[in-house]
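See below for the structure under consideration.
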Amino acid sequence: MNGDKLGDDRLFELMVQKLYSGVICDTMDELGYRNQAMNERLRPLENDKTIVGRAKTILAVDVYYVHDNPYDLEIEALDSIKPGEVAVVSTNRSSNNGIWGELLSTAAHMRGARGAIVDGLIRDTSRIVELGFPVFCTGFKPVDSRGRGLVVDYDCPVEAGGIVVHPGDLVFADRDGVAVIPSGIVQETVRRAIEKVERENHTRKELLEGKLLKEVYEKYGVL
Amino acid sequence: MNGDKLGDDRLFELMVQKLYSGVICDTMDELGYRNQAMNERLRPLENDKTIVGRAKTILAVDVYYVHDNPYDLEIEALDSIKPGEVAVVSTNRSSNNGIWGELLSTAAHMRGARGAIVDGLIRDTSRIVELGFPVFCTGFKPVDSRGRGLVVDYDCPVEAGGIVVHPGDLVFADRDGVAVIPSGIVQETVRRAIEKVERENHTRKELLEGKLLKEVYEKYGVL
Amino acid sequence: MNGDKLGDDRLFELMVQKLYSGVICDTMDELGYRNQAMNERLRPLENDKTIVGRAKTILAVDVYYVHDNPYDLEIEALDSIKPGEVAVVSTNRSSNNGIWGELLSTAAHMRGARGAIVDGLIRDTSRIVELGFPVFCTGFKPVDSRGRGLVVDYDCPVEAGGIVVHPGDLVFADRDGVAVIPSGIVQETVRRAIEKVERENHTRKELLEGKLLKEVYEKYGVL
Amino acid sequence: MNGDKLGDDRLFELMVQKLYSGVICDTMDELGYRNQAMNERLRPLENDKTIVGRAKTILAVDVYYVHDNPYDLEIEALDSIKPGEVAVVSTNRSSNNGIWGELLSTAAHMRGARGAIVDGLIRDTSRIVELGFPVFCTGFKPVDSRGRGLVVDYDCPVEAGGIVVHPGDLVFADRDGVAVIPSGIVQETVRRAIEKVERENHTRKELLEGKLLKEVYEKYGVL
Amino acid sequence: MNGDKLGDDRLFELMVQKLYSGVICDTMDELGYRNQAMNERLRPLENDKTIVGRAKTILAVDVYYVHDNPYDLEIEALDSIKPGEVAVVSTNRSSNNGIWGELLSTAAHMRGARGAIVDGLIRDTSRIVELGFPVFCTGFKPVDSRGRGLVVDYDCPVEAGGIVVHPGDLVFADRDGVAVIPSGIVQETVRRAIEKVERENHTRKELLEGKLLKEVYEKYGVL
Amino acid sequence: MNGDKLGDDRLFELMVQKLYSGVICDTMDELGYRNQAMNERLRPLENDKTIVGRAKTILAVDVYYVHDNPYDLEIEALDSIKPGEVAVVSTNRSSNNGIWGELLSTAAHMRGARGAIVDGLIRDTSRIVELGFPVFCTGFKPVDSRGRGLVVDYDCPVEAGGIVVHPGDLVFADRDGVAVIPSGIVQETVRRAIEKVERENHTRKELLEGKLLKEVYEKYGVL
């Protein structure tokens, strides 16, 4: 990887192969972006699935009655997803409905979404797993959003897991959590992170040879 | 399934084969029972186990010393379980003891219980899994209930996961959570839910063919 | 096992083979130590891993800037771990960084540590699993401790999971949770616990033969 | 008070003079409405202020950017308040802005509102107290709703303090908390509650004469 | 105060005059009783009221239906209160009812109770204040305990505010919180605490003269 | 107030006279500093006290044994307070001790401190009120920090109420909460805030004359 700017397809491929959320956050730390990891309440449906893609943001809120056209904005949002995107759903920390489920997963998957990050509860978990569509969420509830949750906006800044996410930010989620890379620093972050992985490989190798942490840290300055 | 009333054995068999907690809650929504899913803190010991059965309610509370006959009511409750029942244990949201464990699971299992829903902590998790007895709970703690928890009543209304459960209510629990069907609407709920599953199959199929959510929703009105 | 005092290697072997956290806590209850199980927020990275060993305590706290020598005490603590020890990390309930990760796991592992109990968040989860080093923690976060967490002391009393742990206390952690055996009662606790396991085997066997809980409890007095 | 239906002005006057939230909830209990008291997180700005009036519901949600016309619905909602109403503001449990403040209090007060019940944070507390406009809320935060909170609906069912409130329900709030009387049972509740107060007066009087609780309870059946 | 053992009346008088919860806790720290202050969620109804007296313990739990004789044990407990006692009510951390109210306050007051410490919610707050009966609690809710809370035991060990309280322990509660002095160390604690107050008076005096903390601490060793 | 830079004494005087936390936060919003108000858990000891001054930061953490010189850094920190400063105490969200009390208040007061902002619990509340030293805190606990809390650093960046505070930042705390003005924007913030107060006065006045919110907002653009 030289200084050229990578297209998203190549970028995602490289990131899945070589990177993990920890080294991405460390790299953003170096660049002065120290608050880019979502709250630990967001967990993957399956531990071995990594999500990388551009944020397609959706803002839902709790409501207490059935609206006339409850799904209008939700349908618009889903149908406008583009390949390479990741649905990032903010719910005002809702715990009263399963805002995301199998049908939305299927719809998103067919539009090319690479996964969903839901700061809220989901349902139809088994079928989502069967579909092979990776989702992170804060828990599960079998009740429908109809009359309980409503999409009020999309393609706007949202807060998910305590982090403000803008449309087009790059989301990288693995077993350790969800990192959000602001769109303006994606190339720089990925380039540096790949270099950083090398240094950690040395540290790991020498520790596995039995060296003391002190020696290895003095040599590589990585912990 | 025509209009006839089904016996519990046939009912449970049908429900395990054809239904899931989401479609059951959607159906109860239609019938005006909108608050029948337990809190998301209740999670299954194993994701692939479904529980369906009639609620055998047990009410336990935290205590702070060893009573003279600490297990009298607990033993009575367990020994009076009948085949097809599910132990539903309310603990006043206890987090100071593992109120349910291997021996209670074994005793319940031998009486014909189909599982246990514990709004509290459990222990002996590995052996319960070996026994093949499905349990939902809010977490784990290795300490005994002796001098910490006490069964004070059973076969009475209890609250578990924020839902009032009456003896004989039907409990359906899967990976998405725990739904409680009041005894009076069980037949109606199951009949409608089975029909509803059909409609969702159409929606799913057409989404998987690549149709937009908008088209499919306009056609089937299901999301 | 007669009255002789067992060395740690033989003790750990016996405990892993014959005991589990529940029977250990029950035994400590009998000895009057009723508050020795950590909070249920501490969960194992892998359900089938048991940790047993002597507590190597480490105290970390949240900080809000990068110190001059941020890792000095942390490195000292890790490099001084001895075979048979378990790192017990207190963090003042931190949720702002992954205080423990792959490199610390590797370093601890190479010094002979039998696992780590972290009352805080960790990162590099996949690699820790690959390494085969068992860890209990309260969750996951991909961000580094640099400028966020600092080791301020070690080999001192700490609180982890709500339990005060002294250096040299014996830690036993399995799928049900984490038990802490004060160093002065280790031999007595293990001896009694092994006897207790026998009695529970009888209870289980007779329940599995279909006897009522009442009969079995009257016979063995164990529940 | 005979069987005649009272107008709101006379009703509110009677209620403030003779009733308190406890006796109102007890009366609703008798009528089978057992879940009509808001969560205890809602507290009065001043302990000695009672609010009684018809619910004017407002639904606000957290947002993360400044909308084009952020105050349109909020202004409409406030300007349409009628005398005898109480603003009931639901915020999806927001804690990121002071959704209610002095200017809204002044506007509501001038339209004839009798107070505000805010399930969220407020600001300009000192000036609201000076104005003499009674407010209940869950806490305080000096930041504006601009770019943080948005009114998305009003005159619709909302949830405040865990209770669904419909426009026109009667709200009664005093130092013990906030009771919501569904509009259909207001007359019946008030009539019965006034009678009930009489019986409690007897109980209190005899207890103050030194009688045992047992005697007094046997005589009046009130506790 | 010489080495003689004081009667409770004289003891309470002395304590109210000379002591406060802080110096009592410091003294218990010196005696090795370091966990004797209740959780900070317990707050006084009025900041300027101090409670001192012997614990009359009451254990209540949440229930979900109306029992046949719901008040039997509650009435027994209240009617058996003796002068100099303080009701200490444990509720399993209930937040669903106002377990304590005006009538119980009046009954307790007439039996000679010096106050109540309720680890739960109360109601009838204004009238309790008028009555002049001091109460500490975790909050307020206007709903009755009938069908929601039940006294299941009294004069037994209970946990309130995270502290196990035995009947006859001495409770001292002021604006800073609630301290529990085990009955066996009451005389020793009070004797030492009164001496300790003297030393603090010197420290305060010299600080008010403008001396540095360093000088004063070196001289008196109190902070 | 012209463009001249004001000295701190004059600045504080102006701010106490003319400003309040709400208008300060609104002004910082305009300047792009949108996250400068502490968490609502921090509340004033007395509602009518305002604190304004320069942050003197102190970092304390929970510990679990008595250190050799537990008060060394704490004494240094207190004795180095300068007139016009406000102690800002971070405790890693401690709830196990009263880290701040009367003696520290007295010492700080005599050095010229204008108050204390404690993100933790305090004790000796009554005497602090008598002393007239304003304190904000998250609650109260009568136990000493000795063996429970330790000052580990001071004059360093800390986090209090969720906000990172640097030494020298300006703290403004009133009944609505605690605002932190970064040192570099103090003059600009104060200048603009004073102008903003004028505009709000117009809005208030016209609302009090009975105008609709719509009219007034269209005229002044303030809400």
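Which chain is which? They are A, B, C, D, E and F, in the order written, and residues in each are numbered from 1.
The rule is short, and it goes like this: contacts are C-beta pairs under 8 Å (C-beta built on N, C-alpha and C of every residue); 3 or more make two chains touch, one makes a residue touch a chain.
All values derive from a computational prediction rather than experimental measurement.
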item	value
Lowest number of touching-chain links that must be crossed from subunit C to subunit E	2
Interface numbering overlap (same over half, different under half) for subunit D and subunit F	different
Angle, in degrees to the nearest 5, of the Cα rotation that carries subunit D onto subunit E	120
Selected interface, C-F versus B-C, where C-beta contact pairs are more numerous	B-C
For subunit C paired with subunit D, centre-to-centre distance based on mean C-alpha positions, whole Å	49
Chain centre separation (subunit A, subunit D; CA means) in Å	41
Distance between chain centroids, defined by C-alpha means - subunit E, subunit F (Å)	32
Residue list for subunit B, restricted to those that touch at least two other chains	none
Pairs of chains satisfying the touch condition	A-B, A-C, A-D, B-C, B-E, C-F, D-E, D-F, E-F
Touch list for subunit C against partner subunit A, complex	71, 74-76, 78-79, 95, 98, 101-104, 106-107, 110, 121, 123-126, 139-144, 146-147
Subunit F partner contacts - residues on subunit C that touch it in the complex	59, 61-65, 90, 92-94, 152-153, 156-159, 164
Interface residues, subunit F side, partner subunit D - complex	20-22, 24-26, 29, 34, 37, 39-40, 43, 47-48, 174-177, 179, 200, 203-204, 207-208, 210, 212-214, 217, 222-223
